[in-house]
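My questions will all concern the structure given below.
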């Protein structure tokens, strides 16, 4: 069961209201790498986890991430506190209120729709979705996902630290950023404490394809490195010549029951695009004969024509 | 620029149509760990990448993932081929067609809405969303995300292999699964070829919080391991006593301009929930006096009451 | 700050695994009226709340809802425990595993994608979205939203109780259902402790329209009741005759600067659909002359024609 | 059946074009509390409603909300009329057009993607989703949801009125706002005309938990009020000591068939994170020995280091 | 299988960085008519297509659209190149970085969340969704959808061309725009090469309703044209008098088994909103008697009251 | 303004309840080609339309589509009527209710969450989204989109007709299907009444690229037809040799200010993946030395190994 102490895990001291900054900080409240995503990632993993060590760790960190959701949400609430009251009391002239909504970011939506409360959206106002949570129920995958998620959260905090000069916010964001580093370390330890964690799962890969690098993108800029070259790799540069890799015909086929074949043939006959037709089309009907696009000089037509020409010239 | 050779990277031989299996395989076509997600993750990273080695690798693998999208989509198309023609030609009795839609999974939507074509949804019919793509523009994060994504894709393929006994499908899925292993290896090499890749970004963490483990979940099941114990960790077990971690008051505050304070006070006064009131409420109005919930014996009422009692008993 | 005790708020005793039932219970885990939605609704309100009484109440209930998320998620995890292990260890024959995925609901996605862990989706596999959270930052609205949300959650629990006969699950769901009742009562008390809570906000309505009922849907079935009839209501039955309500011309207009008018006129001229034309269209090109729809007797054609006739007859 | 009269229910007189204001007004066109959400909420309820009085009321109000969708959409269309023509005719210099897109809000998307037509998005450009519609098919829930929805719509209109000084728009918004008040009254009457409307549904709650308040959030700021104190409430302040509430062990358990237990044990053994290991991890590999984060003075490095220090100092 | 050549299909020469313009161009990267939508529309159709001519065409154009995704993504990457480095290196003062995020559009999210990489969102930051892909598995529908999609993509490119004066971007966008024209032509040819392509599918329509125009919207502005008038149309102006069109009673009915009827009656009785009640409601409780909305003069109250009066006056 | 007559446009006579069929019919209620999508597409276009003929037509058809939404929703309500009452009254034994939810489709969600009311989702339970509405504010695009949408709606109705043998439902669906045909005709007439409707917009395409076909997909299956061959087309078969089409270098470039170049160089240096390194990676740490994947014979291990072998053999 969860319990709550009204003290924050870290004190929040905001120098002055700033709704536009608040809307940017939402990235870590309701954004894809934000604290709700983190908390829910670990919490859903923890619930189904049977390994006692990992279960404990996942619940510890999930609980702390909820506490961080509280810290970042509190910063947002403080930054919006003036806007909230002004909005609520209709205390400004209309024009002033309108101007205040255009301060930047998507703070207009935060004020109009959410009334200055912290909303579970990213900094563009996109509502949080559980599609951000990539728990798969296998610890060798989930711990890697957690490691990656912590690294992403760290970098987003770093970017947010870089755009504010309010020392109290900077301080709290620095704390939150650092905790991501610590959590990443924990997940790394837990992953590598699983003896045989690569590749994930039980099925081994198919020998001939597990050390193969297929050089599908070629031309100037083709490069080598330990990710595609060296004794650990077999490498195919002549890609087309080696299609398909399995020595078959590279086609997709299915053994259809004869009734399906008959229906399929009927469908094809009914719906064939005749390669030998040259039909009049809707586009033919729609293109004014001899016209091209006539344009009104007064309304920029000259510009249009010049532009078209300029474009054509550019290529010749 | 992309080019296309009509041969698949791997030959697809399907034994017989099976729309319900097709709908499950969509997990790797339009699901969160599917091939479109993979291709788009690497492609968007590759476009903005300046490091020549990584750019080449990302484009190589993105291109191959598109080719895998083609392989898995071709399997789906083969499995649906009979359903597609039957649907198109209205070739079955209504009742038969209706039954065929109830074969399992979400194959009904695949037939009715998508007409048997492979749709960019997961196995529950949820449309693919770019919210699955977690590219952040920093290679030490993105490569970790790629490693995690490959591990997830591997496990989902393993699960799909485990539910089909069609040897041709099993074979092709085995190929696709193995390629995820190879790609994970490449991304690992690229990550660890960045000299100083942890923590991500430029800002170091705050010393006192980078090696701290906060034991927020306690009680039976509390456990230790290298992720929370040992010389690399400081650890807080007395969590509440140490709140907040920064030695402040654990409150959130903002310095409001006096006009904002005035507005805020007015808002609070206007909207106060009086703690000393004991108002009649809508629920009071709505609860039939003396009634509780009367129920009709004929319609399960007896059951309801028994149930309520049973529930109460269970706790006493 | 949040803390966690490993004991659940209510003991969960599940009689036997049942992944299909698990997928239905997800409605209260990651569905629109589920516990995450509840927790996040109250938590986001609580963070921005200035009234001390309400703030405390919102945090109390938010914290309890998180604990309920844990209870319902634990039930799901127990119901999926067998499926998770079978999926993970590939321990069944392929055909058996495949069959087990077709047990009902969307349990196939829960197994394939989420590996048996509780996923933040509803019972159709739709990921949770913050669009479910309707906090608006005004307590007279938010408390009404909370009251409504609790009533919805209550009814969904009642439905779930009605579909399971596992006594341990029934018992835990009964507890969760009852807590929604208690929470609704608290929110009702808090709402009616605000002295002047209707209408919400500060602006009074416009006198002439605040007690008006417009009878826009007419014909057999027109009815009266205290919601549209009685001394508290003015009522308009002659709707068209009273259009518009403000005595104006009922048109939408804008004063365009002359340059905009000129551009607008040019646009209209350029893009006019000539009412006096009778052009040949794409549909004309596409309808085979004299053909109608020819159909193949072998493929159900006779049925089609009969059906069309039957349809026409039905109407005559 | 629906019919349409080309007169609006309320005349719309807009003083001058203003695409940025238009994009904000979209909140009530395609936002969560907007008129489409309202119309669809009542319409879907009305279709399935069997009570003749409620069915009539729901269809009356749904129809009026569609008419309000038309009013608000017409305001948006008028505000965008100049932008639409300019965009369509390419009538401005590129730089002027570009500047006009940066006037505020998300008007850029409205112009580029929607061409100045009213789009079913909120003010941040988020497409309307039926996830906003919370109809549950039980009138004691649905009417409460409708009451809450009307109160939310009222407050959003109030906020929009507060940000515009165009008298024609203010007037029309005032009308729309007032109608929400009237609709809320109707829904209240309909709810309380159901004799026994609380709690919703047929199942009574479990006696011991229906009047219980759990004080899960404690510390400075703990408060009392009629929502948690008084004769109607039992109250638990010693939360942990009373875990779980049912007197059980507070654990989640399931009776697994022995074959499942065996598989589960195998899975756990295979995937254990060894608590006694202290493995080298990816983070260890990635942290440059002795390095910390070296930074380039020319590129802000000094700032970074100073910042890190400042952060550390702040806490000591 | 896909292959990739590192040369773009069209050279991209950007004059100078401009993140706000970049965020607008995303409309054609991750927006509904953008290149990913185009590529995926044709690719999913091509995979399931049996007609050899159409299959080839669909794969040709899908592949080219992927190449266009690369071109538009490369423009975005170039426009963001400066922002990406500044963000990554924290190279600006905080205030400068903050200002740079407020340059317009949703470029703030592109920088904070995506780090300057091209993201699969539209210009408002909404993630791409496969809901944009409307492939239905019938070529007479899908080709029409493709024609429409190409026309939409053309117009969006035209709008983007109109807002930039960077000649290199204008040139590349002109190329991309033109290719949509060419693709539309191809799809038109393929559609009209199907002999009998209208109406789609096999079932003919019901004779009496196929040429009927129902004039449901009446009043000033009622108009005629070839779309509703002329010998090809039957037309109903007296709509209500002709309800329903089938000569039945216009009601919805179902033959319920008697047990269902009994349950349904019980439900109706239990949940009836009594039309003869006039209950006290929550709104009655909440409206302060004699109060109306008292307001504080210091906080705009006078304005509110004046405003309400002005609104009322406006109508009288 | 909208008005409503309680008669349906077409009488609905349902033979018997069938919740699984109901959930499939939702495709045309809340699916992408359903009636809400149609109504909203035309309504949003109509609001911003200035051409009097088109405006009238769009409002006529939008209004009729709302009436069709009512018809299809009424069918769904009738099919669910028994389930709704059973769910509401808890009138069945738990096991019976549970079984009834597994009748097919996603009817379980319709019952549990929506209580038997028609929900604005598709047949897989995915909530309707305005992302389905592709209005762009240009009639030559929008009318094409409407034509395509009507053709899609027609085919989906045809599929639904094909899966039901309830004559009343078949009849009503036949009516709805036919109206789509009639609407398509109207939109075709309106499109071709615009004199110069192709290509859309004002900007002509760039001459050299408007008639060009790029044969990007090659190999067996390459085909010709009027869409890529004939005098109207120039055609490139040697794609790579002609890269890029503009005669440039096929690279993406931007002129960076020198300060940006410096930052960019620093970023590249800091984050380089060293091509000459061969680092130990996380995968290396994770792959148990000499182990491969050991498996437990009792738990399917033998099967796994055999399977892996079989897979390898299949390719050799």
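For clarity, chains are labelled A, B, C, D, E and F in written order, and residue numbers in each chain start from 1.
In the analysis below, a contact is a pair of C-beta atoms (placed from the backbone, for glycine too) under 8 Å apart; a residue touches a chain by one contact, two chains touch by 3 or more.
It should be emphasised that the depicted structure is a prediction, and the values quoted were computed from it without experimental measurement.
S.K.: Name, by label, each chain that touches both members of the pair chain B and chain C.
M.R.: In this structure, the chains that contact chain C and also chain B are A, D, E, F.
S.K.: Do chain A and chain D face each other with the same patch, meaning over half of the contact numbers show up on both, or with different patches?
M.R.: Mostly different residues: under half of the interface numbers shared.
S.K.: Half is the threshold here, strictly exceeded: which of B-D, E-F or A-D has more than half of its contact pairs identical to B-C by residue number?
M.R.: When the residue numbers line up for over half the pairs, the pair is A-D.
S.K.: What is the chain whose Cα centroid lies farthest from the Cα centroid of chain A?
M.R.: Of all chains, C has its centre farthest from that of chain A.
S.K.: If we define chain centres by averaging CA atoms, which chain lands farthest from chain F? Would you check?
M.R.: Result for the farthest chain: D.
S.K.: Rounded to the nearest whole Å, what is the centre-to-centre distance of chain A and chain B, using the mean of the C-alpha atoms as each centre?
M.R.: Centres of chain A and chain B (C-alpha means) sit 12 Å apart.
S.K.: Per the centroid of Cα atoms for each chain, what is the distance between chain D and chain E, given in Å?
M.R.: Taking the mean C-alpha position of each chain, the two centres sit 20 Å apart.
S.K.: Counting only residues that touch at least two other chains, what does the list for chain C look like?
M.R.: 1-9, 32-33, 53, 56, 59-60, 62-64, 67, 74, 77, 84, 87-93, 106, 113, 115, 121, 124-127, 129, 131, 136, 138, 140, 147, 155-156, 158, 161, 171, 174-175, 184-185, 189-196, 198-199, 202-203, 206, 216-217, 221-227, 240, 243-246, 250, 263-264, 266-267, 270-271, 273-275, 277-283, 285, 296, 299, 304, 307-308, 311, 314-315
S.K.: Could you list, by residue number, the parts of chain A that touch chain E in their complex?
M.R.: Listed in rising order, the residues are 20-21, 24, 27, 31-33, 89-92, 104-106, 122-126, 155-156, 158-160, 162-165, 216-222, 239-240, 243-244, 250, 264, 267-268, 270-275, 277-284, 307-308, 310-311, 314-315.
S.K.: Can you name the residues of chain C that touch chain B in the complex?
M.R.: Those residues of chain C that touch chain B are 1-7, 50-51, 53-54, 87, 90, 92-95, 97-98, 101-102, 106, 108-109, 111-113, 115, 121, 124-127, 138-140, 147, 161, 167, 170-171, 174-175, 184-185, 188-196, 202, 296, 299-300, 303-304.
S.K.: Using the touch definition from the top, list the residues of chain C that touch chain A in their complex.
M.R.: Per the touch definition, chain C meets chain A at residues 1-9, 30, 36, 40, 43-45, 47-48, 56, 59-60, 62-64, 66-67, 69-70, 73-74, 76-77, 80, 84, 87-90, 113-121, 127-131, 133, 135-138, 202-203, 262-263, 266, 270, 279-282, 285, 296, 298-299.
S.K.: Note which residues of chain F are touching chain E in the complex, please.
M.R.: Checking each residue of chain F against chain E gives 5-17, 32-33, 52-53, 55-57, 59-64, 67, 74-75, 77-79, 81-82, 84-86, 88-89, 91, 129, 131-132, 134, 136, 138, 140-141, 144-145, 147-148, 151-152, 154-156, 158, 161, 171, 174-175, 177-182, 184-187, 189-190, 193, 198-203, 205-206, 209-217, 221-228, 232, 240, 243-246, 248-257, 260, 263-264, 266-267, 270-271.
S.K.: Taking the touch rule as given, give the residues of chain A at its contact with chain F in the complex, in rising order.
M.R.: Within the complex, chain A contacts chain F at residues 140, 191-192, 194-199, 202-204, 206-208, 223-227, 230, 245-247, 273-279, 282-283, 285-288, 291-295, 304, 307-308, 311-312, 314-316.
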